[in-house]
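The structures come next, written out as structure tokens.
Next come two complexes, and both contain chain A; in the first it sits with chain B, in the second with chain C.
Then we have the complex of A and B:
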């Protein structure tokens, strides 16, 4: 029997460790959120303006969806550096498809939108399949595979558009979805809540969710106990890319044009930051969708608050960096203390 | 391997195959250059080969820096922005000092270099402290310093290039020659020799391989793991400082977005050359090979006038392909 080891870190977690860890991660984030909102209530009332809150909700929705996808990949012990590039590719392909179709059959608005959205989602599926197949079957390091697809997807997006924004999407799509309010809230919020609920349901109630945890916790044990790991790995990467694709569709609808510079490395890094702040372990096996949504909310409010307080955008980067490292360090210290007790 | 008993013929075949796989990348490099030559004869001209070598000297320095932390199962996402921060701060000191009265250009350059080293060491210490003592995952720790270094670079320069870096500095690190050899090549060679020595002949260097290959064994063996891990991150940043100063000399100004894609490029170069992201595997020769490969690829595509966007797609495919070959190499050999 050839024995493969998957890193010395990958020890099976005991029930106690898991409970205390989740308790610790649930504890910190909501408290910080409340403190931050309270701080804004005292120092900057503009935060509570309806338009500002809508902006925060919109950016939270975008970030929460990609971060949830990123989380799934992190749970199986991987990485997805290509999410930002998938957003850009989706945006350009969808806008281009809609623009071309609008020119050839201007009356069929419903068909134009459906086909455009499907083309966009197709990009997500394609990139996700490349990532998943390379990781699961060729066993290439996820970091390098997704670095490769990051370059490929960005290149294709730029090649299609020459870096120029693509206009010509149907008005209904932009005004009726991207910039619309449904029952008094931005439409994107409903989509995000629904998707986070789906991710929660998958994680908490389905075999797929349990298998994803099992693969990330201990791939070898999972395979030995009969989990078809390769198939589920591919599926996880596809889910991540499709979620990124959906974000790309919503961002494009909001902006009203397809852009090859949308998303990018900033979105990718933020999605990882949001997941990690929410207690997702980069060693795999740990993470919950609803917490990641909170992490996204935290990052969005923090950014918005710093904007309102007129903190220099360059200084904001420094603050963000320090907070991400601190959050993870605190988490790590808390975990070690619990293990010692 | 499952069966300890192999017939001699099997063993020979096994080693032949292993050697063939080891040689894949150098062969691919040669084939690629020859392939480009068919379309554009200038690729193989002495002038262009010198060009490739000079261009590769920058990348090989950053790949070597990256390799040191990859050996310990880490990586440094902040490398690119460290380069920007060093470039801007050292350029600011040099231009500020050179303008002041009664200051010689020499001391301005000296202080500028010191400033760069200080900034690099600071970022390296931050990374090392977070990874080794706070036990933060290297990805997150260096993601944090990625933002911090970018903040420093743009804040110090207000987002604009810092012009008027003394010409003497550019001569020192870029356009000058010693015995007819260009400075970038000499500096890169010096870094490579130094790191080769550190990795192969010092306790610290050998320990890096153990730290990455088997961290538990390193602790059990009584190695000062935390101190060495911290030193690895500081060394990585300090080597990046050398590359940053060289790039600053080349552009003749401090650029707040000089680092741009260097992080990902340096990781790609190191890993394509054979440094394993699982730690404990790789050496200076891997970085040379990887850097030459990427530089020759983009040089060839430039000379044969491949569209810049298509180049990105090709680079992505090549990264995936090269890593796949590398996996064959590490598992079979």
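Then we have the complex of A and C:
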């Protein structure tokens, strides 16, 4: 017949916990970036050459755009394996369209470029629609759908070109845009900055962005709250593919020819890596475009550094894979220790 | 008998609903079946404006199916559904909300990675041309929270909130729009007494505003305080709708269970023996449990009571090896048990029965036999040299299944086709496949019918009287009150009381939450 009452005491925060909390709020990424640049400053001054920096900026721009798209799909709780293949398809279709039009109406450069770009973007819209409709309405797993469209897009690209590069795009397109410097910086950088700004605005300030977060954060809750989830899911997949398409257009303009081998699985893996490094959760609901751009910058500098240090390209693939797995593992570990008040 | 009318302290609202007025909600002959279960069988239900109508019944009686039909989660198979005089067909959750039907379910409809403010406005954001007007939303969110008298910071993420605060957010969200009908599904399961008081005065105010309220609860005290009418459901059927005035507690329980209450719980001969489980200063990595001491002895049932989300479930899960432990000591049978893991727990003679049998317990697409033997395939009677002994497996499992009176006793049936009660029996069968000295029951009677419940209690009685130790974790207060020899009370991750003998009663349990709450406030 006893009633024992236990004393209550709050658990004080230890120093280690405070450090990890602060690190988590600032993020590991900026720190890693600074460390890497400092490392290059000491060991490889070639890194700071203007041409090299332009190269880094260009590849960062390509990767940032495609990774921003990948991020949107990750936030709604899916993922998109087809982004690399969309680049290849866009590249070949656009180059082919421009080449054919150039032969039939050689003087109308503006029309040729417009129609070519539209054809390229059309590829993105088409693949995005297939992905989105299958995921949202047929409830097929994103893995299977995008694996399928990866294969389809790659196949169509190869069929169109037989694997041979397609030349014949207007000079203005290649020299005036793809390889051009605007106000001293590669043109692609402006496009990337503008697109990331748009993505940021959508995420932070619009209903669309909020619904994308809500669908990935808790689909059931979003549906019950009146969010038309299926429509937004399709839209998200289309946005992702279109962003991949834009990357394809810029890469093609830079290279000067349409190639069915452009983008590919390395680009797809990098897009996921950049997003995950930037804290995008594979469980959905979390991720910010500006951070993903930082993730892309990190990966581009890392790749560039490995090139300068003459690290074997096969080895670079291993490093990329290790980084992806590490980033995902850290994400999981962080989740496991989450504390409620 | 203590009558509900006597216990009612607050006066009824002056705008009492008149019987001539058409009811707010009128449902006739509602049926709903799921594979293997008839969840609702031709149920009539109506709700007047400005009344609190309590839905009363056991888990699995059909209460949640009924409120889900009303909220538009799924349509009924049969029956008519009228709301504010209009026939309702093909209702979606979104339409229901627009019409003023606001549900607050136990399963929260919140997005964990969004802030409170973002959740409150989800699906009805204030925008200009698709661009969010954050300032206006934040102001309105603060107003609403203020009005409700909740202490919530709208900028906080839902993931970071306690279960009680999530519950308040959910209630605030339900009250954001124009509410005509409010559904509250056990809203106080995770609230303390002070918070419950605030909720009740809110309900009172809504009644005056002519809002109809459907209130699901098991707690007699709440029913006495709030109810105007009570509808009792059992096994998907309407038993009776009655006025709350003049109804006794025993009458309600008899309507609910279909039998006298003292028959429900068996008399157990506890014979406390050696200490089987001894936990000292246990703290989990996620702080769901902090600095907990407790022990369980052979030959007795040790109960752990507490509100939903208080950490009682995490406590037994950690002992079994399902939650990461930060610090503390666990002794099993007198020997230190370091770094618990399920496979080793089984070898140590510990068995855990999870509360969510679908998610954590059973492989639904596999037969009863495989599910029952799953945890014992390392034993010689089931497998030799990693090759299954099918004949022996069948014999052993059939024997256990017969002992548990699983009907029909066909062990090759697929588990997905079984009722809740039978699924629980398959789980229990798994626990009986190997020699076990310590059983950890986590909400063992959630979602099963009265008959199966009694059989579960009978099994516990047998186990204890044969010398096993049982730790019973349950949110159903009557269950732990009647079955436990010793009863621990947990609150916010800590043990707040240990009750024995005559001190094991509802009042003592509830007041230990209250004491803890007071201490926390004065500290």
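We take it that the second predicted complex is superposed on the first by the 302 of 341 C-alpha atoms of A that agree within 3 Å, B and C clash if a C-alpha of one lies under 4 Å from a C-alpha of the other, contacts with A are read in each partner's own complex, and residues count from 1 in each chain.
Assume a contact is a pair of C-beta atoms (placed from the backbone, for glycine too) under 8 Å apart; a residue touches a chain by one contact, two chains touch by 3 or more.
What you are looking at is a predicted structure, and each value in this text was computed from that prediction instead of being measured.
With both structures placed on the common chain, the touch criterion links A:217 to chain C but leaves chain B unconnected. Of the two partner chains placed by the overlay, neither chain B nor chain C lies in contact with A:261. Of the two partner chains, chain C is the only one touched by A:226; chain B is not. By the touch criterion stated above, A:285 is placed in contact with chain C alone, chain B being left untouched. In the superposition on chain A, no contact is made by A:109 with either chain B or chain C.
When the shared chain is aligned, chain C comes close enough to touch A:206, but chain B does not. In the superposition on chain A, contact is made by A:141 with chain B only, not with chain C.
Set against each other, chain B and chain C touch different numbers of residues in chain A, with B touching more. When both complexes are aligned on chain A by C-alpha atoms, chain A residues 1-2, 8, 336 touch chain B in the first and chain C in the second.
The touching residues of chain A, counted against chain B in their complex, run 1-2, 7-8, 79, 134, 138-141, 143-145, 147-156, 158-159, 269, 272-273, 276, 282-283, 312, 314-318, 320-322, 324-325, 328-329, 332-333, 336.
Chain B makes touch with chain A in their complex at residues 1-2, 73, 75, 130, 134-137, 139-141, 143-148, 150-152, 154-155, 159, 214-216, 264, 267-268, 271, 277-278, 307, 309-313, 315-320, 323-324, 327.
The residues of chain C lying in touch with chain A in their complex are 73, 93-94, 97-98, 107-114, 118-119, 122-125, 127, 130-132, 134, 159-163, 283, 285-288, 290-291, 293, 324, 494-503, 508, 512, 515-516, 519-520, 523.
Chain A meets chain C in the complex at residues 1-6, 8-9, 11, 205-208, 210, 213-214, 217-218, 220-227, 281, 285-286, 336-341.
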